[in-house]
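What follows is a pair of complexes built around subunit A, which joins subunit B in one and subunit C in the other.
And then the complex of A and B:
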């Protein structure tokens, strides 16, 4: 038995050590001694600068084709001829943001940091992981002039510009012209004058057996949040000011409470039966199928109206555009792309790419290919776009007539408040909680930040 | 021959339905358009759209990722089973001073959430050149699976009668012969449980597969399926087609090999 004991001891020692090493190696805390694959290097042997990019515009992303073009065409420019890209693909912005946050907290960011939102600009800037681009804007006044102050301010942390915005985000209401005609309602030229007029139209739709509005609650409750933002901002100057405030922490104010009460009314009376608990896609399909009269969203939806995989043939021509009642439209600057490179040559090349991505030509191309609204306020829309995409032209024309512009919660609210909004919407819809209680829960979430 | 009661057939039919229905639903959905999927989850397609499969291949390198998954998950399972089969046996059968501490350490490692150890793991993998390698994911998946697998096998070995090993020793078998010829065959059901647990945990694992890789050479199927998802641009038709493409080989493998798989799972159970 001694022989057996020795063998057993040896086996126990070896296998237990191996198993424990494996199971505990993940707990080991070590200082990074080498840089990860995203690290900046210097010029390659052939004299070209390699820029590392993590690209989330891949797969079925609405801007995948545009960004493919952008990267490829940059290499053909004078500034890009000595550049090559090394891509890491991460499909979906959620996954992208997870990875970027990991790199911010302990790794090295790619040379060009595309911005997937989620407060990444501030995190990266405060961690010292991205470069201050202010000197580049100062050195090129023509480039700086492409952006309005609000867009630059949105990408500024502690007085330094870190992000180069490539677009603006707007949202308004699409409506189905046929359903308006069937209900005997004349669609307003720009917007319903007031929410009272809007709700009167909803009653008329209901009487005609037509569902007035598209809403949802799952994920972030995107459609419902667009309605709520409009309800808050257009009811008074105080509401407008509140909706233009970043990261609010007090939702227990009359403007928000009364808007939430109206939202509760819409969820319970004027939308589809599957809206509570529903995601964006089935709700969009209701609109495509002519089952819902009004649907809030942004210009990125326009290509879908012509996509016969999603909408019936000819649906594009049935769609009209209006602002929210009172002439409201959400208009938010977007978080801009950043430079994570540390090597001077790479920084120069990365900035050159960011400049290229914001040329007037590329802003217009982005508008055509993806619906991304130009970041520059005074770009003239060419006639060919008006002919090829009259609905987009109508959007641009209508947007210019907005009386009230305001922020939008996915850009301006803390992430946990957006989550709480989606979580408690079904409770609100089923009258398990009052508008006041709903606002109290959002406040509670906001104060945790 | 005794006839099986109708109730038994009914129960088997229900079980078969429960097993087959999700697969059938995924297959039918893979032939529907975006509009059909979102209009009615259970309707049949107006016409089958096989071009969804073309779309699935166009958007993502699914075959490459599938091959990576097979290698990484397979190697991870092999490593886990090999280490746990031996370490749990040693812990279950022999008394030594550090045993309670070792078992406690295994238990503690079960409590660690993946997100909390990502940062040190990322740094460690970068330093050891394991970042973006199949070996790196194999190691982390084995590390993730070993604690629970250890307790499954520890409990299973405890149920085996000690008299069998004593008989083997009396008959002249050495330690390793006893372990490999007597214990391991009897432990097959426990090991099969470990394999199944490890397979389901790692085949669907997304977080580490994303964080510890940067390219196509080590990425796995769950990442490929993300290529069909995007804000306002989900392509469910292609997504379902990709699911069919990645699930079908495992089903075909099981159908072809079912006799061997079932024999393997049950043979040890009757030897005791």
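And then the complex of A and C:
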């Protein structure tokens, strides 16, 4: 090898080794512009408080526009003029929840912790990673008065309030008026009187070649969950009480077992062939395409009826609303957003933002923009809504007539029980297990917590 | 070895060792240590002895996950590797259209697994997928089978999403076959060896070590197989497609039980090492290495 060649080889070797070392160093350092939203700090040089937020209301999220507005408009208020946000965006609630759980376990939470459910409030509170907001509620009775006791209780751990609920979640049934007319069924004004009447209608739909109901099993089995919760809660007072119990551990009770048997009937006889193993989105598409007569869901679905990328032109006008048989409707408080900041100035700023997110004006705006139901029980719905969104107005009107209100599994059951529900539903649908065995499986999962 | 040469070697090895230490070794130590603790999302780890392992071995879902993992390892190390080997032996003979066949066979391996999962979900959808079309075409009455949704078919269906796509192994085998001295094939041809005899007495012995490598890679891949199962069935229906990584994910993410999840991780590591040892033993790597060293 010549001297020049040797020198070139040595230079290349040194460069390569240096590159490897640099890449190793880069693992440990983060440039200031890419600072994660969980980094802490107090005031910036310009005197503004920087609040770190991990935001999952981004991209195609149903509330992305509303949250964008909320964050931007807060900065224009008196309380927000000295605040700036440092965002980290994580699309999908699932990924967001995983990240928050990891931060609860071994990291620092963002200053404002948006709540994606998954029992995060209790985990964060027990780990001491979020602040007790009780003093702020006590110091501002007008703010406290915006919330009913149930919503506050839902966000309380060991007597301390940790979450500020921004909405309530309701769900009921959407139906396709055209399919009802084609099957010769008169849709009920508010709800089918009983499940017997409902199943009779299902038979009529089937005879007319129309699939009666939308259901799914994958992910969390959201649609099937809504049917099951209604079946349990509306059959008896005991069922209603059970469905309003948080984190149940015994599913081996007659109310649940008989409801599961009815759900098995629905999955095997009254829904689309791809419901078993299917996800929510294709099932929603079946409803948008007029292939399914009844579809359980909440108000957040209404904007989709007008979205011509999802539903055919004019579909909005074909949709009606009814409660579940027996006048049932799921009504749950939502897990509220929390404060993860530790610096007093940041805590003040974060609480100010949470207060801003629950003003009457913003609750109404959230209703109009996203379908999120106001958390405050006594808010007057503006008359303009009847013209701008008659279906939403109809939802509010119908919801007020609910005879039975109850929780639903995504809010009230442990995560692994929801997973067991989803993974064992296909077994139930194909009669590989009995309703009793299904309930035993859920109980087994619940006891692992 | 000169001191200068040693310095160069150290210079190159150090970053790799540091990276290995930070990314693999340290987490393995942490995982093993916390597997013996009571550790949840809300609480710091507290020593709990073998509590997590005892809970694991009592759990019948864990037993199913181990069984499914081992069945997949067996299928992958036999059927999957054999398909790749068979394809390589055919392509090595360069039949008409071999270049097209090689390229086409590679395509599924360059599609991301998440996309493959979604593609199969849509293809096999009982409402609008190809199976329904086939039923219609062949005038078969009765309900279209729900291949991912029914536990009767789910395991086989999920397996079929990866079992036949063995192009990675084919490429490795072809590379090894390319290194066989052409004179040996010429001598075999002069002796009147048939293609099968050439494969039996020249190619397969030449590929022995490579087969061992491919079997090892296939088994390790199956011990950590997660994405396509998660995309299609999430371990269901019931526990039909539950394997160790999905069980671990659920324990960590849904039960928030990090200690138990790490115990699953330890079992997974032990299983992987055990399989690697077994494969080395089966393919006589030690022996052949010793023989090679002796020859040298």
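Before moving on, here are some points about what is shown:
One rule holds in what follows: the second predicted complex is superposed on the first by the 411 of 449 C-alpha atoms of A that agree within 3 Å, B and C clash if a C-alpha of one lies under 4 Å from a C-alpha of the other, contacts with A are read in each partner's own complex, and residues count from 1 in each chain.
As a working rule, a contact is a pair of C-beta atoms (placed from the backbone, for glycine too) under 8 Å apart; a residue touches a chain by one contact, two chains touch by 3 or more.
These numbers were taken from a predicted model, which means no experiment stands behind them.
Look at A:272: by the touch rule set out above, it reaches subunit C but stays clear of subunit B.
Contacts of A:217 after superposition on the shared chain: subunit C is touched, whereas subunit B is not. Residue contacts after overlaying the shared chain place A:416 against subunit C, while subunit B stays out of touching range. In the superposition on chain A, contact is made by A:98 with both subunit B and subunit C. In the superposed model, A:316 lies in contact with neither subunit B nor subunit C. With both complexes placed on chain A, subunit A has more residues touched by B than by the other of subunit B and subunit C. When the two complexes are overlaid on their common chain A, residue A:127 makes contact with subunit C while staying clear of subunit B.
Across the superposed pair, subunit B and subunit C both touch subunit A at residues 14, 16, 20, 23-24, 27, 98, 105, 282.
Residues 13-14, 16-17, 20-21, 23-24, 27, 98, 101, 104-105, 122-124, 126-127, 217-219, 272-274, 276-278, 282, 286, 414-416, 418-419, 422-427, 429-430, 432-433, 448-449 of subunit A touch subunit C in their complex. Of all residues in subunit B, only 33-35, 38-39, 59-60, 79, 83-84, 86-87, 89-91, 93-94, 96, 102, 105-106, 109, 112, 117-124, 126-127, 131-132, 139-140, 142-144, 146-147, 150, 169, 174-176, 179, 206-207, 210-211, 214-215, 223, 226-238 touch subunit A in the complex they form. Considering their complex, residues 1, 3-5, 7-9, 11-12, 14-16, 18-20, 22-38, 58-62, 88, 90-93, 95, 98-99, 102, 105-107, 280-282, 284-285, 288-289, 297, 300-301, 304, 309-311 of subunit A touch subunit B.
Interface of subunit C with subunit A (complex): residues 8, 11-12, 14-16, 18-19, 22, 40-43, 125-128, 132, 143-144, 146, 148-152, 233-239, 250, 253-258.
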